[in-house]
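Take this structure, written in structure tokens, and hold onto it; I'll ask about it next.
So that you can tell them apart, the chains are marked A, B, C and D in the order they are listed, and the count of residues begins at 1 in each.
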Amino acid sequence: MGSDFVALSLPPLLIGLCASMACALPGNFLILRKQALIGDAISHVVLPGIVVAFLFTGQVSTWPMMIGAAGAAITAVLLIELIRRVGRIESGAAMGVIFTSMFAAGVLLLEQSDTSQVHLDVEHALFGNLESLIWLDAEGWASLFQIKALAGLPVELLRMATVLLAVSAFVYIFWRPLALICFDEPYARTRGIAATALGFALVTLTAIAAVAAFDAVGSIIVIAMIICPPATARLMVNSLRSQVIYSQVLAFMATVLGYMFAGYVPLWLGFSNTLSAAGMIASMSGVFLACAALFGPHRRRNI
Amino acid sequence: MLWSALSLTLGYNATLVTLGATLLGIATGISGTFLYLRKNALISDAISHATLPGLGAAFLLMTGAGLDGRNLIGLLGGSAISAALGLMIVTWLTTKTRLSQDAAIGSVLSVFFAFGVVLLTVIQALPAGRQAGLETFLLGSTAGMLFNDAVLILVLGAITTSILVLFRRPIILVSFDSTYAQTLGISPQKTDYLVLAVALAVTVIGMKIAGLILIVALLIIAPVAARFWSEKSDTIILISAIFGGLSGYLGTAISATAPGLPTGPIIVLCSFVLFLVSFLLAPRRGVLAAARSFWVFQRTVHMTQGLLSIAQNQPIYEPKTKRILQRRGFIRADGVATQAGRALAAKTLLNERRWSFWRNKMQQTGDLDESIVYSLVSIETKLTHDQIESIDRGLSEEQQERV
Amino acid sequence: MTNFALIADNGAFVEKNVDLESAALNIQGMTVSYGSEPAIYSVDFNVAKGTLTAIIGPNGAGKSTLLKAVMGIIPTVSGQVRFFRKPLSKMRHRISYVPQRASVDWDFPATVKDVVLMGLYPTIGFFKRARPVHLDHVHSCLRKVGMQDFSDRQIGQLSGGQQQRVFLARALVQNADVYLLDEPLAGVDAATETAIISVLKDLKKSEKTVIVVHHDLSTVKDYFDHVLFINKSPIAQGRTAKIFTEENLSITYGGQLSAAKSGLAGA
Amino acid sequence: MNRRFFLGSLSAASGITALPLVGKEIAINIVATTSMIADTARSIGQGSVKVKSLMGPGIDPHSYRHTRNDIVSMTKADLTLRHGLDLETQMEDFFADLSRKRSVVAVANTINPQKLLNYPGQTGRYDPHVWMDPLLWTLVTDQIALALAKEKPEKEDQFQKTAALYKSKLIQLNEYAKTVLDTVPNKSRVLITAHDAFGYFGKTYGFDVIGVQGISTNSEAGLYRIKEIVDLLVEREISAVFVESSVSDRNMRALIEGANARGHKVSLGGELYSDAMGIEGTYEGTYVGMLDHNITTIAKALGGNPPDLGWQGKLKAT
């Protein structure tokens, strides 16, 4: 069992953990700023980015697709912020207008450049699959210490670890101003904080983290992890600091439990087919949210 | 070609799809506006994602019971039930917990979709049944609209529009201020469920006919665009219906003129163009109009202020005022007023004095209109010639008293 | 900039000997508009150091707009703002602003201490944690407003008056020289009103400048030594004793005078 | 749903069992990505192979989601047979990694590009649906036989023999197809389907092939395309259009309504298998059966007169 676990389950688990926690962290601020749906918006917006990347590079490999998707995501975030502020439109509607139009533009581009013959849809070109991130060079726990074996680790692990680090650094550095612009943005301006720029940086960083996570583990985990762990934590605690810590713990638990329920429990129950890990992880975070919504100590609105 | 498409003479499919898309645009434009006014525009996205588990469960149940897993009514029913369940949870989360609306929508959307995917991987392992392409099985394509689809849209559109128009008042009241509505005896829960039920019907059926992204787009873009043109909710609903119908009509026509133009996405892009036009050009709320009127107002304010300062040889503080006056040749580079500047300054000062004299008189008679900023308006345009003469006489009398 | 003399013409009295330039707050020709509707037009306003000034006027007179424009929260059409002759960008640490209570979601996950600490934002840098000296300072400011026992309470569980005191404590923590408060006494209990006013009076005694948007005319005379009458444009400004007259009130409030009258009777 | 049914059907489905001992000989443990490859591998390997197909019959590669036991079975298999030609784009990185440590053979990648259909405007990218042409599939059969021989050299000649037998069956099927499809009048040799998967069928048997939509799941047909095909239906008096098991039939019904409106009767010629085979255990659930079904259905619908139950009389009576 040992070598199997290390080779086939350890890497997906670690990558899943990095992705979930990297998405849950900014989620805490996004749900307070009513921008929780940014993950869903970005998952639709990446199509034109991919088609453009394909037209330029002609191949369906990882880096071009990720750069194209990141480009599209940042453009979308810019446009959403622009029409929200200048047109005084509610942020949900602003997201709706932009992501549906960009997706439509993507399909049009797909048809016009008749790349619709190629398997160039989002599901295949960009979205990764958690279970297929394995580490064949591993013989057992010992390989964790052999440099040669470590070279065989899936590259997504390094990428997601860096993303997690970057997001944690951003949140740690800008902790106070972020809390301030979420609580009282006009007051933050009087204290000299560039509130608009900081808000934009938060959303852009989340967009880039989301695209990297799309490539590693697919969109389902990203969209759920940006919202459910922070929302669950919000119903359980009353201080922003503990909310962030709780959201990380919840993301961790949802990933581990979800992965076990998808990959191992069906086999223990005698079935021969396992289930989608991404789907189960996100569903698990939904179960946590449901429990918190029913029994969470701070679920009610105070005033 | 475009003309024949527009005049519905381009053959059966084009005509049918044009009519169907236009009707769908109108119906979604109207129901979308109510969603927009209630600030949950993205509810339709949540509904569309929440259908997946229902789809999977229905397929499993029907195959388990030995029926054909792909029977349309069963799948549609399953999707509708799970979407309705999702909606109830969103409403419950929003009212019973401290979560904001978009967090509730986001969590239901993501968790339901995820559970749907888990069910799909269960189905995938079943040997029996024809589960290939189940996920996209329910998603229609606009160009492939059938006759009974168009009829269904007509019926659905008629029902939803009449319900919403009938209950327009209470719904708008609740979305504006639900506590006040309660005092009038309107129950916010009932109106909420009514609007959400309509959104559910439009999304689930619309998804089957026209595809997922088109329905979400039609429900969001037209109302947002319409909002730029009016402040009255009734007019917004009307304009949104027109925008929806127009984008459906134009989109289909364009899509019929050349190859490689998918109908759904073209309709979405047409409504986006309508949004762009409204966003930029709408008279008051439009960005360009607002910017222009702000800029004109700013220029007048700086001009008047600057000239009054010149007239009373006060220093001009703001660099912007100096720039504006200089550009118009009223002051020289070193800030000294030119001949023209002095003349206009005197005129502005006189205008100011006359207005302040007139304001005091209006004050006593009590019909002073507070909203107008008098000093920005030249008095000749507002009062008659002899009224101005009487003011001047009054001013000169005051002058004698003070001297 | 409109000339002071002009304002004098329509009967309002203006302090002549205030040094325009070195005032704690000097506003020249400020105009703000929402769309093309002017909210305030050509406001000149001058506040001497060490005074306690009220800004009064009917609903929609632009009182709160003026404060927000001075603090740079909303864009202006025209106008120049100087604190002791320097622009706001150079004086941020010496200016303290208390927004309206309703402008914030009080269900936010934060304790009273967290909110008051926000006032120390620039001094406690990005990385550093709040050191004991900061926490003592926070605690002393909370004691000034009588909220020392609520330090770890979640802000949503406070009454309106208590929330207003927390906002005031957040302002005090900055040790600023000029304080601008937007309707601090609106809808608060009597005990909070007296507590807040005594704090403001202490500030005045220690040569700080306090400017308050106020709505209750009955308390203007007892609480404030200077007043600005405004209704889109300034009507009158100066020492309360001199200009808090029937005439200025009628010019400012016009039709709404009856409501104001009842307020005056109480003075 | 009752648990008994659920448990029963799931465990019966293919799964990793104990060491694949068949008779006394240790069988080669093979995982095939598509059911077509699995079916051919079983026919060649017969007793000495244990084949697990990732995508069971009735599942198409577009919407398949890999779960953990697929990955486990591939890492444990002696040989993984995959299709190639970009059919499994979402698994490219995984197969690249797997092939470093295990033997992975892309059976269709080695076909001579001249024989393959190029995409309009794309160089080096080919239509992957080679299984639509039995002759091309004989090349794939050779690849599979070679791969099996590499795993079990001592069985090489036996594999050659079974492969030759299988190939002769394919050639006879091809003959049957030619004779049956020739009965279709020249004018209506037009195959209209939901998505563009029958290129090779058209190339081999001289049919014009028109797919309403592209292969990518995000692709969507435009009205111009629908009108174009309806005009074609009327001009060439084509009597039937075909639905596919893995794609929604909405576009096809719209074509039928469009043609009927112009007074030309068109019917649904029946359901063809494009990316997925029939239900497991049925004749249509095998590669030969799937093609036989397609050939017979097309011939019958477009005016030919094929034997009702197809080449070997094993087709399910429609």
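Assorted remarks:
FYI, a residue touches a chain if its C-beta (ideal position, glycine included) is under 8 Å from a C-beta of that chain, and two chains touch if they have at least 3 such contacts.
As the structure is a prediction and not an experimental result, all values here were calculated from the model.
For this structure, the chains sharing the highest number of C-beta contacts are A-B. Subunit C has its Cα centroid 44 Å from the Cα centroid of subunit A. With each centre defined as the average position of its C-alpha atoms, the distance from subunit B to subunit D rounds to 49 Å. Separation between the centroids of subunit B and subunit C, computed from CA atoms only, is 36 Å.
With each centre defined as the average position of its C-alpha atoms, the distance from subunit C to subunit D rounds to 77 Å. Touching of two or more other chains is recorded for residues 98, 117, 120-121, 124-125, 260-262, 264-266 of subunit B. Shown for subunit C are the residues in touch with two or more other chains, namely 107.
Touching of two or more other chains is recorded for residues 10, 13, 62-63, 65, 67, 213, 217, 219-220, 222 of subunit D.
Arrangement of the chains shown, judged by which pairs touch: an irregular graph that fits none of the line, ring, star or complete shapes. Chain pairs that touch, as defined above: A-B, A-C, A-D, B-C, B-D.
Those residues of subunit D whose C-beta lies close enough to touch subunit A in the complex are 7, 10-11, 13-16, 62-63, 65-72, 75, 86-87, 89-94, 97-98, 100-102, 119-122, 125, 127, 196, 213-220, 222.
Against subunit B, the residues of subunit A that register as touching in their complex are 31, 34-37, 39-40, 44, 83, 86-97, 100-101, 103-105, 107-108, 111-112, 114, 220, 223-224, 226-228, 231, 234-235, 262, 271-276, 278-283, 285-286, 289, 293, 296, 298-302.
Contact residues of subunit A toward subunit D in the complex are 4, 7-9, 47, 60-62, 106-107, 110-111, 113-125, 127-129, 131-132, 134, 136-137, 152, 154, 262-263, 267, 270-277.
Interface of subunit C with subunit A (complex): residues 68, 71-73, 89, 92, 95, 97, 99, 103-111, 114-115, 118, 121-122, 124, 126-127, 154, 156-157. Residues 32, 172-177, 179-180, 182-184, 186-187, 189-193, 234, 237-240, 243, 298, 301-303 of subunit A are the ones touching subunit C in the complex.
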